[in-house]
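So that we are looking at the same thing, I have put the structure below in C-alpha cells.
Chain nomenclature is as follows: A, B, C and D, assigned in order of appearance, with residue numbering initiated at 1 for each chain independently.
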Amino acid sequence: MLPYSWLIPALPLLSFVLIVFFLIRSNKASSYTSIAAILGSLALSVAVLAEVLGNPQPQEFAINWIFMESFKLPMVMYIDPLTAVMVVMVSLVASLIQIYSLGYMHGDPRFARYYAYMSLFAFSMLGLVVAGSFFTMFIFWELVGLTSYLLIGFWFEKKIASDAGKKAFITTKIGDFGFLIGLLVMFFAAGTLNMAEIFDKVHHHEIALGTITAAGLLMFCGAIGKSAQFPLHVWLPDAMEGPTPVSALIHAATMVAAGVYLTARLMPLVITSHTMAMVVAIIGAFTALMAASIGLVQNDIKRVLAYSTISQLGYMILALGMGGYTAGTFHLMTHACFKALLFLGAGSVIHAVHTNDIQEMGGLGRKMKTTAATFFIASFSIAGIFPLSGFWSKDEIFAVAWEGGHYILLVVAVLAAFMTAFYMFRLCFMVFTGKPRDQEKYDHARESPKNMTIPLVILAFLSITVGWVGIPWLKHGYGSFVFFEHPHHVAPNYILMVISTIVALSGIYLAYLMYYKGSISPVKMAERFKRIYRVLFNKYYFDELYMATIIEPTYRLTEKLYKFDLGVIDWLVNFFGDFTVFLSWIQERFDTYVVDGAVNGLGYTIRAFGGGLRRIQTGQLQNYAFVIFLGLVVFILLRFL
Amino acid sequence: MTLYHYLILSAILFVIGMYGLLTRRNAVGVLMSIELMFNAANINFVAFSKFITPNEFIGQIFSIFVITIAAAEAAVGLAIVLLIYRNYKGIEVDNINFMKW
Amino acid sequence: MDFPILTYMTFIPLLGMIVVMFTRKESVQLIRWESAFFSFIPLVLSIVMLAKYNGSVPDFQFIEQHEWIPSIGISYFMGADGISVPMLFLTALLSFVSIVASFNIQERVKEYFAFFLLLETGMMGVFCALDFFLFYVFWEVMLVPMYFLIGVWGGPRKEYAAIKFFLYTLFGSVFMLVGILVLYFAVEPHTLNMLTLIEYNSTYTHAFQIVLFPLFFIAFAIKVPMWPFHTWLPDAHVEAPTAVSVILAGILLKMGLYGLLRIGYPMFPEAAVYYAIPIGVIAVIGIVYGALVSMAQKDLKKLVAYSSVSHMGFCVLGLAALSVTGFAGCVFQMFSHGCLTGAMFLLVGILYDRAHTREIAAFGGLGVKLPLYTGIFTLFAMGSLGLPGLSGFVSEFMIFIGAFGSSFVPTWMVVLAVLGVVLTAGYILRMVQRIFLGPFNTKWEGLTEINGREIFTLVPLGILTILVGVYPKPLVDIISATLENLIRVMGM
Amino acid sequence: MFDLAFYILAVLILGSALMVVTLRNIFHCALFLVLCMFSIAGIYILLEAEFIAAVQVLIYVGAVTILMIFAVMLTHQLTGKTIRQVNDQPIAALFIISSLLVLTLLALSKTTWEVASSSGVSPSATELGRALMTVYVLPFEVVSVVLLVALVGAIVISRGD
C-alpha cells in the first residue's frame, strides 16, 4: 500500500484538472467530483495509517526529477507515523469542510471554481505532508501558498479581499526567502535534501553545529511565515476575508499548521542545536501570548478566531522548541479539529446574520441550537477543560515545559491559556447568549442546513474524543506512535492538570462575569486600561509599523530607482546617442560647408558668373551692334596706337 | 578734289548710318541706316576706283555687287519686318528680343 | 549527414519570405497562411530534431560542413548541441506562435510577414552556426528585419525605439567583430571555426583572455540585456508590436546568453574566472534592480519588459557560478523565460488589442468579465513569479544551487538574488491585483473574452511551462551532457 | 566748279542722312533717304561713274526706297509719331560713332595713298558689261543667284500664309 501513497495527493489533483478543463460550468458535477476525490484520499489515508500502525518504520520512495552527472534532485515521498496522522487529519478536515461548503457556498457564481481551488489545495497540502525531501516539501509549500492566495482573494471584487490575498502571499514569501536559503545551505552542508539522509547526517554529527543552526533557523523562517508567527503573523487576520470554510480549512486547521509540521520535521536540528531550540521556543511563546492578548479585544468573530489560531500555533511552536515533538504534533491534531469546528460554527453564524461583528449578535443560541452547542464544545476544548481533547494536548505542552525546566515559558503558556479561555467565552457569551443587540438581524437568523450542521456535529465529536488517543495513562497512545527518537511517555502530572483547569475555569468565569452576568462592565475595563486597550485593539500597530518601515520605503525606492533608470542610465545612453548625433552634426556642417562647399562653390561661382553675364545678352539687337562697334573701335585703337 | 574729300565724306556718312543703326527703334529705320552705310562704302569704292586704279574700274564693279546685295538685303529685311509686324503688332527693335537665351 | 536538417530549418523561412514577396499584396489571407506554413515546417523539423538528438553524448550533432571561402578559412559549418537544440526548438515554436498571433496585423501585411520570416532565418542561423563568419552574418541579418518591424509597425515612439535598439546592438556587435578578428589572427593557422578556436583555449595567454573576453561580453551583455545596458529593452518592447515583443523577449534576449555559453565562456575560461565577481555583481544588480523598477511601472508592457531584465539577471548569475548546475539553470531559465515572457507579451497584446491601453491603473476587476483570460494570465504570471510546478521555479532553483555551491560567487549574492524572488512576487501580485482583482471597472463592460486563435497561440507555451516545471527530465537529458562537457572544456 | 558741286552734294548727303537717322516720322525719313540717294548719285557723276550713278538712282531711289516706303505704310499707318523713335543708347552711340570717326580720320591722315597719276579712262557701260561677262562672270552669276534667292526668300517670308 505505502508505495501508492502518492495517490493521496494525486486524487485531488485529478479532480482539479477535471474541474478546470471539463466541469467548470457545472456546479454540481464539480463539487461532487471534488468531494469524491477527497473522500478517496481520506480512505487511502486511513489505509496508510492502518499500515503504518502495524509497521511504524519510516519508508522513503524517490523518483529522479533532475538527474545530471553532477547534480541530482529527486522527488521523494516519506511515510512515517507523523505523515500518516497528518494525511488522515488533513483529508478528514478537508472532506468535512468541502461537504460543509456545499451549503455555505451555495449560489456563489464561482461555485465550481471554488471546488477546483479546494481540490488544488487538498493536493498541495497532502503533497506537502507526504513529501520526503525538503525540496519536495518546498514545492508543495509554495503551492499551498498559491491556493491560499487564490482562496483568500476568492471574492476578489472586494478590494480588501484581494489585498489580503496579496499580503498573505508576499508575507509568507518573505518567510520562504529564508526557507529557500536554508535549503541551499542545507544542500551544500549535507549534499542532499532528503529528510532521512539529512537526519542521518545530523545524527552522526557529520554537519557542523553552526551550519545546522543556520540552516535550521533559515528554514524555520518558512515556518514563521506559513504559521503566522511573530513577526510575520500580520497576514493571517486579514486572510479572514476569504470564505469562512476556507478560513477553517486553510487558515486554521491545515495550511497554517504546515509551519508547525515543518518545524516538527526539523526536530533533529532543533534537538542538536540549542540556539535554534531557544529561538523557536521563544518565538512560539511570544507569539502565543501576543496573539492571545490581541484576541481579547477584537470584535470581528473571525478575527478573534484568527488571533486564537496564531496563539495556538505559537503553542505548538513553543512545544516543539522545547523538544516536545509529541506534544506539538498532538496539539496540532487536536487544534485542527476544534479550530475547524469553531470556524465552521462562526461560518454558520455569519451565514445566518450576514455580519462578522459580534457587537451586532446576541442570543443566537436560542435559534441555532446545534451551532451553539458545537461552538461551546469547541470553546471548552480550546480552553482546555477536562476531558475534552484540548485539555490533553495543552496539558502535554505544559508537561514538556515543566519537565524541561522551562519555567518562564511555562508561565507564559499558562497566561496565554487564561487569555484563550477568556476571549473564547467572551465570544460565546456575546454571540449566543443574552439579548439580541440587533433585532432585525436576530429575526432573520435561522439554523443552517443539514449539510452544514452535520460536519459541525462530526467535528464536535472529534473535538471531544481525538485527544483521548493521547491520554497519559494510555500505554499505547499517541506518544508511543508519533515520537522522536524514543517513545514519549509523560507521567500524568496532576499538579499541572489542576493548575491548567483552574486557569481555564477562571478565564471562563471572568468572561461569564463580564459578558453574561454583566457584573463587571467591559466598557469600564476598557476605559480604565485605555492605553493598553488601544494598543491591543490596534494589534500592537504591526501593520502600521510594516507599512511605514518596509512597504512604503520599498515603493519609494522603486520610484526612485525608476527615476534613476530614466534619469541616469537611460540619460547616459541617450546622451551618448545625442553626443554622437552632435558629432555627426559637426561633421555634417564640415561636409556641407567645407567639402561640399568647395564643389558647390565652384558651381555657384560659375552660376553667379553666368547669371551676371546673362544680363549682357539682352536680346536687344542694337546693344549687340553697339558691342560689335565698340570692339571695332578697340581693335582700331590697338592696331593704330 | 582729292581722294581725301571723298573718303572723309564717306566716313561721315558711315558714322551717321551707324548712329541710326544704333539708335533707331523702328526696324525700317534701322534698315534705312544700313542703306546709308552701304552707300558710304560704295562712295569709297567708286572713289578708289577713280583715284587709285583708274584703268581697271574694279571699284565700280564691286559697287554694283554691293548695290545688288543691298537690294537683296533690303528685300529680305523688309519681308522679315512685315512678318514680325504681323505677328507682334509692332516693329520696335528693342521689343523683339524673343530669341534671347 | 544524410539530411541537412539545420539548413532546412534555417532557410525554409527564407524561402517562405521569397514566396510571400511574390504574392499579390492584396491577398492578405493567403500571405498569412503562407507565412504560417513556412514557419510551421521548421517547427516540425525542430520536433524531429528533438526526437533524434542523442543527449547522452556531448558532441555536436546534425553537423554540416562545406567549404565556403577557403582562402581565409571560412566554411559553412552548422551543428547543434545541448545548448542550441532547446533554443532552436524555442525559436521555431515562438516564431510560429508569433506569426499566428500576428494575423491581426492590418497594414503592410506582406512586408510584415516577409520581415518576420527573414528574422526567423537569422535567429535559426545564429543558433546553428559554428563558424564565426557565419555566426556574425546571421547575427547581423537578424537586426535588419527587427529594426523595420519595430520601426514600421510599432507604437507612437517607434522610430526612437527602433533606432535605439539597432544602434545599441550594433554598438555591441562591433566589439564582437573586433574580438573575432583578433582571434582570427591570433591562432595559427588562421581559422574562424569556433570549435577549433575553443580547442585552442588553453594556448591563449591570461592577458589575452582578459582583454578579449570583455569585447565579446559587451556584445552579449547588450543583447541579454544586462544591467546597465538594459535601457533599450523597455523602449523597444513598449513600442514593438505584440509578436515582435514576443520574439524580442523570447529569442533575442537569449542570444546574448547563448553567445556567452557558446563563445565567451569556453574560449576564455580564465577570463570567465577572473571576471566572475563583476559578472555576478551585474547579475544581482540586474535581478534586484529590475524587480524594483518593475514595481514602479504604470505601463503593463514596460513592467513585463523590466521583469525580463530581472529574470535575465538570474541567468547571468547562473553563468557566473561556473558550474554545471548554474549553467543548466541558465539554459533552463532561457527556455522557461522564452515561454513565460513570450506568453506574457501575447497576453498583454491581447488585452491591448481590446482595451487600447496598457496602463495598469486603468484596469481593475477584469477577473469578473474575463475569467478565462484571467486564468491564463495568472498561470503565466505565477510562472514568472517562480511558482513550483511551473518552469520558472526549476530554473531559478538550479541557478541558486549552482551559485550557492560555486566558489566563484559569494553567498551574499545568492541571498540578494533570492530576495529578488520575493520582490518578483511583489510586483507580479500587485500587477495581477490591480488589473484583475478588486471592484470591476465598468468602463470595460465591452471587453470580449480571449478568442480561439489567441488561445491557440498560448496553449503550446502553457503546456511547455507546466511540462518543464513538473517534469524537467527531458530537457535535463538534452542539456546535461553538453554542459558537463563544457565545464570540462573550460578546465574546471 | 567741281569743287562747289562736291561741297553742295556733300552737304546735301550729310544733311539728308542726318535727317534720316534723327527724324521722328519714318515716312519723312524715307523721303530724306531718297534725297540722300540722289545726292550720292551726283557724287558718282562727279567721280565719272555714270553707270553706277544710273544704277544708284534706279535701284536705290526707284526700288529700295519705294520698297521701304511701302513697308512703312504697311506697318505704321503713319501713326509712328506717338512712339518713341530713339532707344536708350543714343549717347553711347554718339560716343562710339565719334570715336570711330576720329579714329578713321586719324587713320586716313596717317595713310599715304598711291594715287595714280593719270586721270584714266572713264569706262562706258559697254566696257563695264564686257568686264562683268568675262573677267567677273562668276561673281556676277553668284550675285544674281543670291539676289534670286533673296527675292524668293522675301516672298516666302512675307507671304501671309
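Note that in this section a residue touches a chain if its C-beta (ideal position, glycine included) is under 8 Å from a C-beta of that chain, and two chains touch if they have at least 3 such contacts.
Bear in mind that the values here come from a model prediction, so they are computed numbers and not experimental data.
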Contact-richer chain pair (by C-beta pairs counted) among B-D and A-B: B-D
Geometric centre distance via CA averages, chain D-chain B, whole Å: 6
Distance from the mean Cα position of chain C to that of chain B, given in whole angstrom: 96
Chain centre separation in whole Å, for chain B relative to chain A (CA means): 122
Between chain D and chain C, distance of the C-alpha-averaged centres to the nearest whole Å: 102
Of all residues in chain D, the ones touching two or more other chains: 87, 89, 92-93, 96, 100, 104
Per-residue overlap in chain A, given as positions that touch at least 2 other chains: 620, 622, 626, 629
Sequence positions of chain B contacting 2 or more other chains: 18, 22-24, 93-94
Complete list of chain pairs which touch one another: A-B, A-C, A-D, B-D
For the chain D and chain B complex, residues of the former touching the latter: 2-3, 6, 10, 13-14, 17-18, 20-21, 26, 29-30, 33, 36-37, 40, 43-44, 46-49, 51-52, 55-56, 59-60, 63-64, 67-68, 70-72, 74-76, 80, 83-90, 92-94, 96-98, 100-101, 104-105, 108, 113-116, 118-121, 123, 127-128, 131-132, 136, 139-140, 143-144, 146-147, 149-151, 153-158, 160
Touching residues (chain side chain A, partner chain C) in the complex: 64-71, 73, 113, 135, 138-140, 142-143, 146, 149, 153, 156-159, 161-163, 165-166, 169-170, 173-174, 176-177, 180-181, 184-185, 187-188, 554-555, 557-559, 561-562, 565, 569-570, 573, 577
Chain C residues touching chain A - in the complex, by the definition given at the top: 164, 167-168, 228, 230-232, 289, 292-297, 323-325, 328, 365, 367-368, 371, 382, 387-389, 393-394, 397-398, 400-402, 404-405, 414-415, 418-419, 421-422, 425-426, 429-430, 433, 436-440, 471-473, 476, 480-481, 483-484, 487
Interfacial residue positions of chain A with respect to chain B in the complex: 614, 617-622, 625-626, 629
Chain D to chain A touching residues, read off their complex: 87, 89, 92-93, 96, 99-100, 103-104, 106-107, 110
